[in-house]
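What follows are several structures.
What follows is a pair of complexes built around subunit A, which joins subunit B in one and subunit C in the other.
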Partner chain A sequence: MRRSRAAASAIALTAVAAMVLTGCSQKSNQSTGGSGQTAVGFPETQDLPPVAGKPGGTFRLGITEPTAIDPYNAQESEGILVNKALFTGLVNVKPNGDVYDGVASKWEPNADCTAWTFTLKPNQVFSNGEPVDSAAFKRGWERTSAKASASDVAYHLDEVQGFAQMQDGSASTLSGVDATDPNVLKVGLSKADCEFELRTAAPPLAPVPTVAGAADNKTYNDMPIGNGPFKMDGPWQHDKGIKLVRNDSYSAGPKANLDAVEITITPADTGIQAEYDGFNNGQFDWARIPTPLLTQARAANESKNQWISKKTAGINYLLVSVTTKPLNTADARKAVSEAIDRNAIAQGVFQGSQVPADAFIPASFTNAYQPGVCTACKYDPEDAKKLAASAGLTPGTEVNFQFNTGGGHEEWTAAVKQQLETNLGLKVNYSGVPFKDLLVNEQQPNATGLFRAGWTADYPTPGNFLQPLLSTQAIGAATPNDVANGDNRGRYSNPQFDQLLAQAAGTQDVAKRNDLYKQAEKIAIGDDMALIPLFARQQFRLANTAKFGNVNMDFWENPTLSEITIK
Partner chain B sequence: MGRFILRRVVQAVLVILAATLLIFLATFAIGDPFASSGEKAVPPDIAAANRAKFGLDKPLPLQYVIYLGNMVRGDFGIDFEQHRPVAQMLEAAIPNTVRLALVAIVIDILIGVVAGVIAAVKRYSFWDVLVTVIATLAIGIPVFVIGVVLVANVAGWGPFPSVPRSFTVQVPWYQEVLLPAFTLAIIDAAFIARLMRGSMLEVLRADYIRTARAKGLSERTVIGKHAMRNSLIPVVTYVGVSLGVLFGGAIITETIFQYNGVGYLLSTAIVKSNAPVIIAVVIFSVVAYVVLSTIVDILYAFLDPRIRLN
Partner chain C sequence: MTTPTSAGGPPVDAEAGAGVLLPGADSATSGAAVPIGARGSGQLADVWRRFRRNRLAMVGLAIVTVLILLAIIGPYVTPYNAFEQNLANTLKPPSAEHWFGTDVLGRDLFSGIIYGCRLAITVGLLTVAFSLLIGITLGAVAGFKGGAWDGVVARFIDVFLAFPPLVGAIVIVRAVGGGVTPVIVALVVLGWMTTARLTRGQVLALREAEYVEAARSIGAGNRRIVLRHILPNAIAPVLVYSFTSIGVVVVAMASLSYLGIGVPPDVPEWGRLISQATPFLRVPGMTYLWLAPALAIAITTLGFAFVADGMRDSLDPKLRGGN
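Our next item is the complex of A and B:
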């Protein structure tokens, strides 16, 4: 998953006040309704009608200093913002998972989805004139996966044959990638994946020209030459800014309208506040908003159509150690889930800026979202007590509950603790630890109880939630006594679920695949309650729609730079 | 005199060595910077590759010796985040911080000395009380309050550039430096005013001032030429030390004004647990402080021979 640097600690301040004012124990009467949709939370906004593009204009925004903008290591949404402006991969994606063409005009897997053929558009060039052919992709992929590159995001390529050999340094070419025909890229996978094309939209799978050299080429790291709708105007000025200008030789899609994009680097710890200040003082045309100021920002900007509110591909949940007592039964986990009043927390702590989750697969996947599939996500303290009794979760039972400090999680986790104690009489061992320690604690074979967790998807597919967080393979431990090195640190394992995922990975038909994902979610969340969904991820932005048209949020929660036009 | 200087220089080197060791140990006591870097576990082989690259697989004393050796050659290693040479990052930040420090010191001295002299000469008058009250308030107000208030109300107005502003907006350095320098200067100016007032009052009581007055010199000459000069000595010491502190970077002020100096570099590095940058900035701050205070000591010894004898 991509990292978000945003310090959310500011939440803490208003949260305290909000809890005092609203009373955190307030009962919510909002029914979850037949559709499972709740009335809590800021409504989503519709995209404004598209505007005909015309060349011109400079779009300005602030981001914190990215780790990298070079494809081999671009990772957090800031780095991806710059990278996607500079590079176009084989395909492009929409927030809901729809794929459209990038450099490739056609892509198709073989019958069992273990080999993919991408047909490239002819005469594609980098901004320095070098051809964007199949070799350029092979070059980029090898540069990302090479051991010497030590890329943080090489895992995007882990399904490609020969990846392991690249990572351990025993090979210098990706054996699964065939670039003999410059117009055709053939990719062999080590496991079936009928959605592999989604991965090719990720920055580490971008093509690079020969001038890129190795991953430690500082010149290229700071001034990547790409094939995207924009190109660098001078090297990255570290801690100051990045200036992009339109790439007039762009031919993989419609040319950008904007003359330039000016990206100013904001402070690492107060970057969101700086973006918001910059929007208000007229310096920036796009901004995130500090959580405590969301209500105020919405009030000031919604009527001017400058307020963007979207559900995105992410979820905040409680990771549960499902193999150790006391939460090793589905009933025990459902009891915990039903004892949590998500609506009260959403209103009391988050002032309506968070939406209670009623499913695990987010609503942004319009074709796979199952409202209400998490039957135990509704607040029902009476039923919770019954379930708890049948599961041996008697009053006085000790349950561990850990969260990471420094992320603004203190207040709402405290509310959860209080609700569990009030509604189930549990003795909650509640503690905040640094993020790294939380991770280590979750990994241990004897880990027990609940852990705060969040997830945002790398690729717009439900599979990117189900597979890494709930599949047996993603536990990453050879035996139950080993440390869990994967992302499924709750160690949920259900052969039926794994079987459905494997089947989905080998299913080419999107509708059928989504159906399999739905079945899998029904088992893991609806029946087994393998983890406890709490709040769906929702993002808010301010955009200068008075001056610019077509300003929307893309899958990575960034502005759609290549479409924005001056009015 | 030569021996005195030598002694001070040796002391300075020892302080710097001790400081580097402490910060080195402190930073690495935090733990392995590659253990994990987000909500996704870093694959063990990638973490290992990173550790090898940064020499973290060697024993700690050896890491320290390697680091010192490189440091003497001006090599502070590469940072964890972007693998950039730390020396280059420092090089870019230092001139900004030096400018900020010098402007702040000039504002300090101008406000502090004038206010202090007025307060001393017009002792117990309305002006004296006003200076004392304002100085006490200024010392009491946290620097971030002044900074935040200035950013919210003054930045973007007249000659003062907006904060934040798009990085392509060209602003001459002397405009950019004004508000942060003023923020930094307020507390020091208050101290200097208090210091100046005290030492001025002491000097004004001295015999030679009475003699000067008895000679029939104008009050202006007595204050300006005879009294002020001698009462400036403690102020000079304070300014020297203060400059040393300012050269080390003003974390809060630089961050509030998003001013690309050493302090901003440090605050960013701390947020990202970027150990090589933290170590380098702290070492630079220590060196700046020790060097300046050593120079002040030596100068002081020239000015006042009694120091040496002690």
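Our next item is the complex of A and C:
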């Protein structure tokens, strides 16, 4: 009895003593502080020298359950991985975004880019022997755009004449697509687009055979018959796996080398860890890596040339409501941007796995990337204060800042919040909401402040970053009091910018077009700071290069299955 | 000493579960004539004597004392500001500078844990206090009045018990908005029912007791009977339960913040600290990230549970005169 009381007193006393001894004044937590101004991030790796292909081998990898592998609704990276193995569209895209021939041997627009003519390679067949002719493309495009299909990705076809009628159910054929000549596909567009050919690499624009039937054909949904370098080896085993084997009748390009691709479906919430574990224990030949383990994974694999690190066509940024106070002036937005220490966050929170952005168009577009075009992307708290003062962004001003929970954004957003509070004295109303709510909140006419956002390209063009996110047309609201239904939810609108984009869309010369994109980016980001670029997208993979050659990351961040060969 | 509620006394209402009855002899016989303080002293001393003999209970008491102390003075004596980030010094293992290491934002984890203690204790105590207020009031009314009152309260209890607590809390916090107050509101709304049931059972049993009859015979009103005679004797098992439930509340709040609901994610709340550490579960040498907050939750829950256990044992008439 006595002892227990003694013990209790002792514990209490020790605790109090400890608290007193640790000092009644708080130490500064900045002792080793200051922000690292050195270059951060993991360097990009070079592709290994190509290896001569030879048939054989099974390439194994893990993905999470895709929404769909059928072209009409294949959408996320995983679905696209399977779909691109099964189907080849009119054109193909190289890992760096360059376009090369797919089923089409030649493509050209008319003078004002409102009509396109694709000449198809002769004697192309699906793996069931049906011909891949212009009608097969028309069939596929109509299947995607039909109202009854309710495709999530029909918008890829929105420039094609007759698309609106397909979507509202008033037409059953795409009036703009002419397939009278089996070897020539003619496409009429409702607006000028000199880079329409890029869109035809997207899965929803793949050809389909007659056996595909309507979009609700379950048999075809789970076991699509395509014209790609691989074909299904039995139907998709949901939540278990997908098996592909080489399509020996493939003739749109070089045949695949691999005998088979074995895809294991991993749990949605632990998928990346499962891939990484699978790679380490020899189950997989390709894997993503959980962010906290990147340093370790790199150390173990880089010297073995099994580490792939690439900047890809994507960016993380802050969406800004530019029509509502307090961030309705360029200076206010620049103040916010300059108050954010991207380097410190990239280094401290992301452990070097993300790279501070200095432009909005990603560096992977080597011909359009303008390093430093975002002049306010540099960390300059002193200048930020001046800009804030001139913009009326006085200390104590309330700024909303929303992000979505469950996406791993809690920490870096907390860092941004504290930097805005410390450097500008703002009162940041910081809140995490479910992703769906975030998307709804940023659409509202009275939305204000900052929202976390990320964007990856559908097509390999800088226009895919500028047009949907910053053009007036992409606001999708008839009046300022309407909900913004487009992707330009910050409601940025600048006639000069719109004019440059329209000009770019009508310019056939790629170099001239890129130049117009650069000018447009300079206006929207450099001058107007319509969005606040934060981190460039960079991806990391582990690849079994000991056993396989030509293993690289494609434009959709998947392995280049059609080129991989056993060594 | 004979007690009205000792063996052979009225059984506890079945719904109340394994309630513990306070030996009410002293208070019953002395009635309202003796001031409460004087009335309880001998009995309390008795209870305290038995409590002290229980080693685990004393450990629990020590823990609870330290936690409450920390909650009060903690933020003034932590080595660092628990919110202050240092992105140049993130994910550093424990050292002389940072006893528990630093987190992914470079914040001092030791300071964070102590700040979290204040949050946990505040939310725990407030939640339980409000649950007691609601639960005892409704339970007493239901138990004493009976009939329609009892029916209505019982149905209310059933309705609220039908909500899965965590899911219910998520819905409420989402609806009300983030922050500490909504969390307390949610946990109270979903936490008063057991208190009400326990009180109702006790009051039901005690309202027929001889000393209540005696009080009534000398003209005491309902309010006086309930407040001065029944509740003081009915409250012990309710308090015991409440003490255990403080631990439950602490875990519930941690679960909510782990799920990203409730306090803002930049607050060093224990559940939030664990959630923030989960990506590093597999990274060698980063165990400290989740170990400290996990232990803090475990120790808090155990502390209150030990004390509750000790209270139950020392209040249990069956043990009376035992040791």
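One rule holds in what follows: the second predicted complex is superposed on the first by the 527 of 567 C-alpha atoms of A that agree within 3 Å, B and C clash if a C-alpha of one lies under 4 Å from a C-alpha of the other, contacts with A are read in each partner's own complex, and residues count from 1 in each chain.
The working rule: contacts are C-beta pairs under 8 Å (C-beta built on N, C-alpha and C of every residue); 3 or more make two chains touch, one makes a residue touch a chain.
Since this is a predicted model, take the numbers as computed values, not measurements.
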| item | value |
| --- | --- |
| Partner chain(s) touched by A:Ser151 [first = subunit B, second = subunit C, both, neither] | first |
| Subunit B versus subunit C as contact partner of A:Ala274, first or second or both or neither | first |
| First, second, both or neither for A:Ile265, with subunit B first and subunit C second | first |
| First, second, both or neither for A:Pro292, with subunit B first and subunit C second | second |
| Partner chain(s) touched by A:Ala414 [first = subunit B, second = subunit C, both, neither] | second |
| Touching partner for A:Ala344 - first (subunit B), second (subunit C), both, neither | second |
| Touched partner set for A:Phe284, first subunit B, second subunit C, both or neither | first |
| Footprint overlap on subunit A, where subunit B in one structure and subunit C in the other make contact | 1, 3, 7 |
| Complex contact set, residues of subunit B against subunit A | 31, 35-46, 49-50, 53, 81-84, 89, 92, 151, 156, 162-169, 255, 258, 260, 264-265, 267-268, 271-272 |
| Residues of subunit C defined as touching subunit A within the complex | 52-55, 58-59, 61-63, 65-66, 69-70, 73-74, 76-81, 83-91, 97, 104-108, 111, 178, 260-261, 264-266, 275-276, 279-280, 282-284, 286 |
| Interfacial residue positions of subunit A with respect to subunit B in the complex | 1-3, 7, 60, 62, 65, 67-68, 147-148, 150-152, 154-155, 167-168, 216, 218, 221, 237-241, 243, 262-270, 274-275, 277-278, 281-284, 435-436, 439-440, 443, 453-455, 476, 485-487 |
| Interfacial residue positions of subunit A with respect to subunit C in the complex | 1, 3-5, 7-9, 11-12, 15-16, 19-20, 22-24, 26-36, 273, 290-293, 296, 341, 344-345, 347-349, 351, 405-406, 408, 410-411, 413-415, 417-418, 430-432 |
